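Before we start, here is the structure in question, set down as structure tokens.
Going in written order, the chains are labelled A, B, C and D, and every chain counts its residues from 1.
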Amino acid sequence: MIISMKLHATRGEIDAVCERIRDFGYKVHSIEGEERVVIGVVGTGDVTTCLESLEAMPQVENAVRISAPYKFVSREFRPGKSVIRVNGTDIGGDEFVMMAGPCSVESEKQILETAYAVARLGAKFLRGGAFKPRTSPYDFQGLEEAGLKLLRKAKQETGLGVITEVMSDRDVPMVAEYADILQIGARNMQNFALLKTLGKAGKPVMLKRGLSSTIKELLMSAEYVVAHGNPNVILCERGIRTFETATRNTCDIAAVAVLNELSHLPVILDPSHATGKRSLVPPLCRAGVAIGADGLIVECHPNPEKAMSDGAQSLSLQQFANMMNELQPYIALWKQARVHEAVVA
Amino acid sequence: MIISMKLHATRGEIDAVCERIRDFGYKVHSIEGEERVVIGVVGTGDVTTCLESLEAMPQVENAVRISAPYKFVSREFRPGKSVIRVNGTDIGGDEFVMMAGPCSVESEKQILETAYAVARLGAKFLRGGAFKPRTSPYDFQGLEEAGLKLLRKAKQETGLGVITEVMSDRDVPMVAEYADILQIGARNMQNFALLKTLGKAGKPVMLKRGLSSTIKELLMSAEYVVAHGNPNVILCERGIRTFETATRNTCDIAAVAVLNELSHLPVILDPSHATGKRSLVPPLCRAGVAIGADGLIVECHPNPEKAMSDGAQSLSLQQFANMMNELQPYIALWKQARVHEAVVA
Amino acid sequence: MIISMKLHATRGEIDAVCERIRDFGYKVHSIEGEERVVIGVVGTGDVTTCLESLEAMPQVENAVRISAPYKFVSREFRPGKSVIRVNGTDIGGDEFVMMAGPCSVESEKQILETAYAVARLGAKFLRGGAFKPRTSPYDFQGLEEAGLKLLRKAKQETGLGVITEVMSDRDVPMVAEYADILQIGARNMQNFALLKTLGKAGKPVMLKRGLSSTIKELLMSAEYVVAHGNPNVILCERGIRTFETATRNTCDIAAVAVLNELSHLPVILDPSHATGKRSLVPPLCRAGVAIGADGLIVECHPNPEKAMSDGAQSLSLQQFANMMNELQPYIALWKQARVHEAVVA
Amino acid sequence: MIISMKLHATRGEIDAVCERIRDFGYKVHSIEGEERVVIGVVGTGDVTTCLESLEAMPQVENAVRISAPYKFVSREFRPGKSVIRVNGTDIGGDEFVMMAGPCSVESEKQILETAYAVARLGAKFLRGGAFKPRTSPYDFQGLEEAGLKLLRKAKQETGLGVITEVMSDRDVPMVAEYADILQIGARNMQNFALLKTLGKAGKPVMLKRGLSSTIKELLMSAEYVVAHGNPNVILCERGIRTFETATRNTCDIAAVAVLNELSHLPVILDPSHATGKRSLVPPLCRAGVAIGADGLIVECHPNPEKAMSDGAQSLSLQQFANMMNELQPYIALWKQARVHEAVVA
């Protein structure tokens, strides 16, 4: 920690701060600047409580933490990438992982038709919501367990892994029975009760970045899951909320590269929610492959115009096929780069 | 709904849209503009699904909802203010309601000392977290049920009502046993599983606006609670997340006035989280009274420098006393205006 | 400055950083933490260049400036408030200053009718744009010099001071001939060519905060004007751009209090642009007085429905009169507080 | 335009709105909804003034423009891409255009060394600031005309085109004498005096998106330049300001794809300012090529640690060489796609 004192702090006030720091078991390094005193804090202890206590003292201008507040999820903790093996597929490894499917599970016909199509086109995971977080209480809330059963059926028929959302700590055991990966939606990224429960879920978790969550907060939420016992966390950039309204959200694509620098966890890009518009999904998928995401999660539907949710951002199965075709040379470059990194490291 | 077609939409494409609209049971009013066709949709039906379906059609430029997506919480539904009576105090009525207390319940001594002080100074509710949403899994997470018991004790001794946070649908029955008002934190404003459970909680709810939630989304979340059976919802503006870092959040004070126009629900301002800085709390309290909030919720602590959380934004009990004193003439003006409104209405 | 090295920085890399710091004439205080080395930099020199140079070095995690980057505009430079006397009125002193008028100067009749009305109701300055910054090249761009002449005529008839916008360094001499205060619009807050020219304009300047400018950047832009020779700068909070669309901008009202802490310059609130909606202007004016702004700038028009710009946020003259009446007791409290501060200081 | 009336609008109020619309020369199509009346406005006229007038009327809920507010820059105006030929290079055509160079022109040695290096590696334009927009008045403001002369010398020696910033309408003639492309910085994107002057500058213009400017506003600013006589405008996405602080700005990469849909103007991506961090520039360049930008503008420097500005985001010349090498296969895919599009169209 580095503590900056206010310009006119007296000797007594500075001493009080130093004493408080020592109370927490830290050592003090005081630097007398031209204008003000800055205090370096060295040692190990309860950083947050100490920081908050110092910030509350008069004549403290500000108190800044130097060490990263997360450790398990940090690259400093594990230098290489984490590879999470799910349903026979390595996520975070040498394989570019495509996840695809409808926004909501609507019917057996819809989900099976989609599953067969995306499996044939190279996807490894089927997405589809059985519990739907909807802004309005009057909108379709999902088929719930009936939807989970349909996802299981699709898995049995196609071999695809299943990724689906869980919205409450109460539902974790049930969803974990059906799903290969538990998806946490953007609005629940800081639902700490849910995060703690996921630590014991026994299934990998994909954590979507909150609409206004910083990259650091995303990593802290991942740290919650890992610290509570579950190391298999996948991160997902899905766009953040900004002033721009031309797209549903603003895709913070650089976050993929930043997360790759800061963390060893796999990173998936969701271009469907990031843009909210079908025509923008293929170009953003190309960008996601090129920047080095470990995979993509894409919404598609046999008949987007009849979808019960998110039709405007869903590709038809034909559009998905075209896109997969177009992506192949980019994925080939991605694999070359992955192999090259592995050799260098 | 109003549907704008793209510039080069053909007659066939326009007809397909009109047919889809009629499939949903609506009537169609087509307007041929100089440049493009715009279609007015009239009737009642499943607005969201229809809207999403139309947005997914080719040659639809955009589809805009005209009617408000909420009804129970709207001023159009109930023209006057809702008054919610809790522990003998009217919230939303002719009384300006002060809620105060520490960020976290830490000990019996701390909470009782605070409760006696704020009760004496005119507060009607004691705030204090027993379940704490913390960004880091390594930070103090609250005393949980032991904290709730201390809050009950403080209520018994001082007569103050108790407002405290509930973080999971699982915990609602327990917290509802101790609290007079269930507080929903900003990060849970769109925790829909929790919102649904609150509909049956049997206690009033204070819903804090999410960090990046629009005013409309706040009202939709309130609508969830009401639609699930609980009409006693209080709204709380506590600052939103923006690019500005001089304050912890950006207090959207105009939201208080906007909410008063759009909704009949009471509106409370939280200047402590809105600013994150003790010295800014008193000026923001004055502004909150002047703009017409129904009350304030303010953090204070017997010894902010030793607080386990949010010390930097907590007033000392002496500072709280000074502020209450300073606020009196503003509250007197507030009451005049309230009475005047009642007479006019 | 405080420089944090990366976790695995070698001794050689740390030494290289220290050497670079000394090259800039600073002294080095190295602190060996548990995890990493942090370097305190003490002395005076070219802070920005040094900081940027260090940030560009490998193994530097980050480099943070401790001292404020502005000085003339800082409270640390001048502890009391600056009082700027314009056309017989003290701005920043014991008088609450109301500025009012239409968005655009449209005609002699319009500007005179407005000027007489607002003068009678206690305003001291007439606002009105002769040069209009419009998003579209096809919108009304203002009457230019003809508009300035009408403002001068209104001043001659009513005694009001004139505040009007200047949009280009080229126009500064002309506008300075007619105006008492030169207004810089939000979109020009970082038009540095213009800011430099204002240093020599010989007239006070009101600097509106940019749509996405931080408080610190607003102060830095004020510092430009002062450093180039003009100490008479008035700051104006007019709302920032956020994700919220219920209001035209988001009024960062706490910025008024923050600016009062950081700077001695007067601070004016513009509730018209902050909200974009007529009905929100009076409540926001009350909040602005209560939080301690030095004045308000409000749009009003003899016939808002016929205004050539900003009609939706303009008060009619009758509405302005009602609002002025309603504000009186708040202004009385404001004066008490000002006098009290002066006695205490 | 579509006008929504408030719920309780009377017949008389609706008629008054219709009459106002007809006063502007438009035709009225009234739609009686279940809840409220919506009025379609058809015809051609002064849209903005009419819209603003209607918004200012009582009982108008809102007024929305349907037609795009720009025309010259719209894809609807010119369906294919605009190709702008500068110094023998086609921008917006079948060539992927690399622009590179230092943030600031610092010395003859620096600019020539950079120019030779980037020319050899395939760049077609040399960037370098002679007029520098700096937040602080105390920071290096650029070499001004001396810097322009050095850029001209670099052009004479290497054949590279020159792109450099102009900050004031006053400086346009001088900068236009030396530069092949006039760059408008983010902070000047809505400096309308400057935009108007650029209409007569006789040189192509690259317009950087403002920090908090929407895509629509960027297009409106481009429309200013075109409407004032200069059709040769290049758009540049350089990151927008959000709450995220891990990167200097947030790269809105989807904006590249959105601009390609809405406009025929060429679009360049600036990954250096978008991220502010050297290590993120190569991944973002790959993403920029993959998403279909027409080119990139990248900061590089012979010795970033000694750069007078932006060292932390500047690549060394060796790093730039490595990146160019790595980009080749992506650029090859880009060319295939361009040729394919041309064949399809």
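Note that a contact is a pair of C-beta atoms (placed from the backbone, for glycine too) under 8 Å apart; a residue touches a chain by one contact, two chains touch by 3 or more.
Only a predicted model underlies this, so the values are computations on that prediction, with no experimental measurement involved.
**Q** Indicate the lowest number of steps between subunit B and subunit D, counting one step per move to a touching chain.
**A** 1
**Q** So using the touch definition from the top, which pair is joined by more C-beta contacts, A-C or A-B?
**A** When A-B is set beside A-C, the one with more contacts is A-B.
**Q** Could you put a whole-Å number on the gap between the CA centroids of subunit A and subunit B?
**A** Each chain reduced to its C-alpha mean, subunit A and subunit B end up 27 Å apart.
**Q** How many angstrom lie between the centres of subunit B and subunit C, each centre taken as the mean Cα position?
**A** The answer is 31 Å.
**Q** On a C-alpha centroid basis, what's the spacing between subunit A and subunit C, in Å?
**A** Spacing between the chain centres: roughly 39 Å.
**Q** Please list all residues of subunit D that touch 2 or more other chains.
**A** 212, 241-243, 245
**Q** Once bound in the complex, which stretches of subunit D touch subunit C?
**A** 20, 48-49, 52-53, 55-57, 69-70, 133-141, 167-171, 187-188, 190-196, 210-212, 217, 220, 223-224, 227-228, 241, 278, 304-312, 314
**Q** Which part of subunit A faces subunit C closely enough to touch in the complex?
**A** Contact set of subunit A toward subunit C: 2, 4, 7, 29, 31-36, 38, 40, 42-44, 64, 66-67, 76, 212, 241-243, 245.
**Q** Which residues of subunit A touch subunit D once you look at their complex with the stated criterion?
**A** Residue positions touching the partner: 212, 214-216, 240, 242-247, 250-258, 261, 274-275, 279-280, 283-284, 286-292, 329-330, 333.
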